[in-house]
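Shown below is the structure under consideration.
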Amino acid sequence: MFYDLHYITIVFLIALGIYAVMFQHNLIKIAIGIDILESGANLLLIVLGYRNGGVAPIFTMAPQGKTMVLPTPQALTLTAIVIGLATTALMLSLIVMLYRHYGTLDTREIRRLKG
Amino acid sequence: MWTYITTGSGFWNPIWWLVSFIIVAVFVYNFFGKEVKAKYSPDKMKPFLSGWDEASKEAMQVKASNIYWGFTKAMSGYYRFLGVCHTGIINDYVVWFMAVMVLTFVAFIIA
Amino acid sequence: MSWTEHAPILIIAAPLLVSFAIPLLERIDYRVRNAAAVASLVFSIWMVLIVLHKIWVSGPVVYVFGAKSAFLPLPSGFKFPVRIMFEIDHMSAFMALSGSIAATVGVIYSWAFIREKEGGLGKYYSLFLLMSVGMLGMELTGDAFNFFVFLEIASIASFGLIAYRREDPASVEASFKYMIVSTIGAIFVLVAIGFLYGRYDALNMAYIAKHMKLGIVERVAFVLLVVSLAMKAGAVPMHMWVSDAYGRAPAAVTATLVSVSQASLYGLFRVMFSMFGVTMNNHFGGWMLIIFGLLSMFIGVTMAMVQKDIKRLMAYHAISQTGYMLLGVGVGLAVLDNPVALKSYGLAAMTGGIFHIMNHAMYKGLLFLTAGAIFYRLRTFNLNEMGGLARKMKYTTIYFIIGAAAIAGLPPFNGFASKLIIYESVYKFNPLLSVVAMVVSVLTLASFVKVFHSAFLGPEISKVKNVREVPRSMVIGMGVMAVICVLFGLFPGMVVKYLAGPAAASLVNHTAYISSVIGGGM
Amino acid sequence: MKPMSKIVRTVAASIGWFVFVFGIYVIVHGHLTPGGGFQGGAVMATGVALLIVAYGGWSAEKCVRKERLPVFESAGLLTFILLAFGGAFLGVTFFFNFLANKGGLFGDTLPVGINPGIFNSAGVIPLMNMGVGMEVLAGISLILFAMFYGTKKVREGTCLADNEKKEEDA
């Protein structure tokens, strides 16, 4: 019954993130939305590598003949998390600067560039 | 061979073009390029602006916003539509992106 | 093994090393820092040329990271490639050449353009080199996840660079908008790569391409990849970030940013031709590119007509020119399964589109640099406040004329050669498309006549009285691009024969791309 | 940013060192246990965050030599890339693990199967982890300080939009 639960969670997370970026007008909420979106993508990668009953892919803890969880998606997820950290830090810094320049966090007022 | 390209239904060679351009330019300059001497004194060449004096050269220059005024006016409906699309709000950028993605996906499933 | 055999990796490793060393080099002297940055990118160009020669001699080059042998993608006993590798065919090398030239010119131009008193120059050069590394890496890699990583490196570095003038609210705003859209696109790319990984248990693009069977998962991955990369390349209607980001970044950055977007365009073509190729519905893919191309061409140029900010106007033209590339290559893709049509006009259309990529990087870079030169002296982008600059800045004026003539497709400059190929080959596919392309070209000319008239002609306005020519490094930077524009215009046959033509052929040749990694063909 | 209450400061002072030590542990055992350069560096940077939050940014600034952080960052990254270059210099390939299974520095071979692990193994990977750890510590600390200065400017009311409005009014 719960076999597909993780995929449903992923879809939910990604949809939630996209909803926040599409319809929320607060910059901080947009940043949160993007972080949720990233979590969804990371969860997808982790889930793809999971094998039922597998052990953690550590070289010195590998018992002979048992299944291991795939290590590659975990490496990918780590990379994606690092990139996500950089993006989030930069995004929050830009929000601070935008607030200093415009005095607001509302996207509908931060539109000096249009047309 | 370095300059010659075929284009699917023709060819293009810039050196030939350059040579013919120079020939034509020399021809045109020799036959039509003679300076026409002014028959009138410079006083009479001044623009007539309903009796007003000409403003300074700087003020007389047509500004960039006014160039192609007619074009913009004729297509004002189209430009109003584009103005509605280019709101400059970040949420709308994402909405466009997602809309194109959904449309493409639907089209790809049908096709 | 001689060191030139490491040329594929040295293309990105040299700028990466200098980029990391810049905080230390900066403590010696600012000249050392700038010279190192320029030298590393010139070295990159040289390495690209070496690789290009190698590809000419012996086909696609593979470079495997961390293995015992760099040129053995599939050691005995391995069923699929496990290591990250670079896979460089003509198309990759072509893009890398164009990108590294643009980046080098950008750094040379920055020497004088970014004034010392603006501060943070060490970070500026580090990020600039990182952006170049990301762009080159995207173009060289043969690994899907590595592609994503380089995409993010290039993107994050460019966010920082766009917001470099952080006292200007619009710069920060442009950077933020680009960041939101780009990050979402990158996440979708990651999700698509995850889908493909879950399906084929591999990240190598050639391996995925070999085993590609079109199911529902692949369809989703295809749409995610293609739409995200088209957005990063700036196709209408996802182009809004282009005009913001190009319009507000420092000019030297913008000139390179054009090439960075083209790296995404390369990714789009790579996904469509090499990864999916004929297994997908190539009529659909081709027409999708053509529709993106038509929309980009027309909406881009009509939006440019009404702009009064010089860099924003040029940014809309960048969108419009991207349309030509999409159109040319899209026609090639639409007839991919029809050998007769492909031979008669499809390949020519693709050659034109790919030739246009390099031309665009050169003349659009040149135009952005001239806009930067005007900004350097006048401190404004507003065309209404300019006039009579031709009296004061003669080099800039000449370079602008060359760039404008090239982008408008006036003979004998490079833009004309590639546009002519596109018109004449696309005409055989569908005459209407060709007519639209020509109308757009006319509008482009009209729009640049407007810029030329407003900025360079006319009486000397009071603001321009004390303006001088820009410093030497900026003149040199613009000169390099102008010379390339003229040379490519005068010798298009050489470029088509040695660079663009083989690049188009290598895109079409789906099996060669696979067999250079997997071996033995399909 | 004001310093927090005495309780928080005392706890931060006693826990902070454990955070740093744990970060170093995660970095140097990156090749044997889950963890590595980024994770350990992030843990150590959490210590810096703890200092900023508990003692306020100005006191924390005095504890950390901020002008040396970029050098640290650069040195870490250079370690990483030079080790990667090492493989190419020795005539193999870029990123080749030229120290593994050779004896000497980090050169022991790990047996297959469940074992406690040998610290002196895995070649260049521990060295790269240390480089990355250094870089991440310096980088995240710099980010934290930059954000601290940003919040300070916002709170002091130096909102540029207001200034521009004032200039327009005047």
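Going in written order, the chains are labelled A, B, C and D, and every chain counts its residues from 1.
One rule holds for everything that comes next: a residue touches a chain if its C-beta (ideal position, glycine included) is under 8 Å from a C-beta of that chain, and two chains touch if they have at least 3 such contacts.
Because the structure is a prediction, the values reported are computed rather than measured.
Novice: Report which interface contains more C-beta contacts, comparing A-D against A-B.
Specialist: Answer to which pair has more contacts is A-D.
Novice: Please report how many Å separate the Cα centroid of chain A from that of chain D, as a whole number.
Specialist: 22
Novice: Just give me the whole-number Å value for how far the CA centre of chain A lies from that of chain B.
Specialist: Their C-alpha centroids are separated by 45 Å.
Novice: What whole-number Å value describes the gap between the mean CA coordinates of chain B and chain D?
Specialist: So the centre of chain B lies 54 Å away from the centre of chain D.
Novice: What is the distance, in whole Å, between the centres of chain C and chain D, each centre taken as the mean of its C-alpha atoms?
Specialist: Inter-chain centre distance comes to 34 Å.
Novice: Of all the residues in chain A, which ones touch at least 2 other chains?
Specialist: 18, 21, 30, 97, 101-102, 110-113, 115
Novice: Note the residues in chain D that touch 2 or more other chains, in rising order.
Specialist: Within chain D, the residues that touch at least two other chains are 160-161.
Novice: If a residue has to touch 2 or more other chains to count, which residues of chain C qualify?
Specialist: In chain C, the residues touching two or more other chains are 169, 176-177, 180, 184, 244, 303, 306.
Novice: Let me know each pair of chains that touch one another.
Specialist: Contact pairs between chains: A-B, A-C, A-D, B-C, C-D.
Novice: In their complex, what parts of chain C are in touch with chain B?
Specialist: Residues 176-177, 180-181, 184-185, 188, 219-220, 222-224, 226-227, 231, 237-238, 240-241, 244, 281, 283-284, 288, 299, 302-303, 305-306, 308, 344-345, 348-349, 352, 383-384, 386-387, 411-412, 416-417, 420-421, 423-425, 427-428, 446, 450-451, 453-454, 458-462, 489-494, 496-497.
Novice: For the complex, give me every residue of chain A touching chain B.
Specialist: Within the complex, chain A touches chain B at residues 18, 21-25, 30, 107-108, 110-115.
Novice: Across the complex, what residues on chain C touch chain D?
Specialist: For chain C paired with chain D, touching residues are 1, 3, 6, 9, 13, 16-17, 20-24, 63-70, 122, 167, 169.
Novice: Give the list of chain C residues in touch with chain A in this complex.
Specialist: Answer in residue numbers: 145, 149, 152, 156, 159-160, 163, 166, 169-170, 172-177, 179-180, 183-184, 187, 190-191, 194, 197-198, 203, 243-244, 247-248, 303, 306-307, 312.
Novice: Over in the complex, which chain B residues touch chain C? Could you list them?
Specialist: Residues in contact with chain C: 1-10, 12-15, 17-18, 57-58, 60-65, 67-68, 71-72, 75, 78-79, 82, 85-86, 88, 90, 92-94, 96-97, 99-101, 104-105, 107-109, 111.
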